[in-house]
Amino acid sequence: MALSARNLLKGKVKEVTKGMVMAEVTIEVAPGVDVVSAITTSSVERLGLATGKEVEVVIKATSVMLNA
Amino acid sequence: MALSARNLLKGKVKEVTKGMVMAEVTIEVAPGVDVVSAITTSSVERLGLATGKEVEVVIKATSVMLNA
Amino acid sequence: MALSARNLLKGKVKEVTKGMVMAEVTIEVAPGVDVVSAITTSSVERLGLATGKEVEVVIKATSVMLNA
Amino acid sequence: MALSARNLLKGKVKEVTKGMVMAEVTIEVAPGVDVVSAITTSSVERLGLATGKEVEVVIKATSVMLNA
Amino acid sequence: MALSARNLLKGKVKEVTKGMVMAEVTIEVAPGVDVVSAITTSSVERLGLATGKEVEVVIKATSVMLNA
Amino acid sequence: MALSARNLLKGKVKEVTKGMVMAEVTIEVAPGVDVVSAITTSSVERLGLATGKEVEVVIKATSVMLNA
């Protein structure tokens, strides 16, 4: 299956901080380039996210702004 | 000033498609890595976005999902 | 692979309206229950979305509001 | 009054988990079909959300992705 | 009923531009302060949005960024 | 530089509540008109957000709904 989301970047989990409901996950998508994601702590646990795990970052085009 | 958005990636506009209200902008953020943004056509015009222009991609952490 | 998005609903495409940049896709997720998605027209074409096609609706929990 | 949001699903609160700032609310929208919402804990309290309460799930079409 | 969305601002429609799928609506929320909304053209028609109509702007807290 | 986001409102921080991962920031954008933002606690710290600080609220047009 393929996602409609236009932005799919491969990366590796660098750090996970879990709160009661929300968690923050830092993913290295290229040497020196990190992406930060805020998802539910339940998803972090369900997906078994931990440092070193390979993931794909998914971002819908309508969520992307530009600064020029 | 600094943005609260956690994801700021520098890139160069590769392609712009303008519709009546929304436009699609493709930005190369690393060799072979493109990010697609859907913003209003008014913003494309106000910012003077065109192929080759240097921009910064801005994405809020709560808009980033993971696939693992 | 599994998505961090908490909401995944199976359905069937009922209608597709394509604009220059954005498209509107109506998906029936249960008898009499439709979900409407606004994605890029490029994604509609890349995924070959058309009436009758089986799809999965994906919604991040932080995008869901409540009225009570 | 009517909302511009295209997706309005009636349901019943099944579970509420409250963190310091964000809360996770699970709503049953059809037998066996749950939707998860991440909203502020302040809103959970202001709306008096608790198991059994009838609510309406509200989702903007631009927040809906497809997997096909 | 009450919405979980934390930001509700009363205003008056100032301008509507309709595309094939998406529309842009400008709302004056205070003298000299406008808010711009991108919603589907179907919603603009369903809600009968036109210059002068009184509306309420609705924004989820997780969609609000800060620049400081 | 200029942001593609169509909604930029000047204001002053009125209250900050910090959770483990997410924080809630209330900003007064006009006398008696508050806007609430949910951003990461890391951003609150990185930007030094505290009561009285002048900030700019940033909201993408596709995140704005209407009630009419």
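Here the chain labels run A, B, C, D, E and F in written order, and each chain numbers its own residues starting at 1.
Quick note on the criterion: contacts are C-beta pairs under 8 Å (C-beta built on N, C-alpha and C of every residue); 3 or more make two chains touch, one makes a residue touch a chain.
The model shown is predicted, which means the values in this text are computed figures rather than measured ones.
S.K.: Show me the overlap between the contact partners of chain A and those of chain F.
M.R.: Of all the chains present, those in contact with both chain A and chain F are B, D.
S.K.: Going by the touch criterion at the top, tell me which pair is linked by more C-beta contacts: A-C or E-F.
M.R.: E-F
S.K.: Please compute the C-alpha centroid of chain D, do the same for chain E, then give the distance between them in whole Å.
M.R.: 21
S.K.: Based only on mean CA positions, could you tell me how far chain A sits from chain E in angstrom?
M.R.: 30
S.K.: Where the CA atoms of chain C average out and where those of chain D average out, how many Å apart are those spots?
M.R.: The computed centroid separation for chain C versus chain D comes out at 18 Å.
S.K.: How far is the middle of chain D from the middle of chain F, if each middle is the mean of its Cα atoms, in Å?
M.R.: 23
S.K.: Can you list every residue of chain B that touches 2 or more other chains, as numbers and ranges?
M.R.: Within chain B, residues 1-6, 19-22, 24, 36-40, 42-43, 47, 56, 58, 60-63, 65-68 contact more than one other chain.
S.K.: Considering every pair of chains, which are in touch?
M.R.: The complete list of chain pairs in contact reads A-B, A-C, A-D, A-F, B-C, B-E, B-F, C-D, C-E, D-E, D-F, E-F.
S.K.: In the complex of these two chains, what residues of chain A are touching chain B?
M.R.: 3, 5-9, 24-25, 27, 29-30, 33, 35-39, 43, 47-49, 53-68
S.K.: In the complex of these two chains, what residues of chain E are touching chain C?
M.R.: 1-5, 19-22, 40, 42, 60, 62
S.K.: Can you list the chain D residues touching chain A in their complex?
M.R.: By the definition above, chain D touches chain A via 17-24, 36, 38, 62-63, 65-68.
S.K.: Name, in rising order, each residue of chain A that touches chain C in their complex.
M.R.: By the definition above, chain A touches chain C via 1-6, 37-40, 42-44, 46-47, 56, 58, 60-62.
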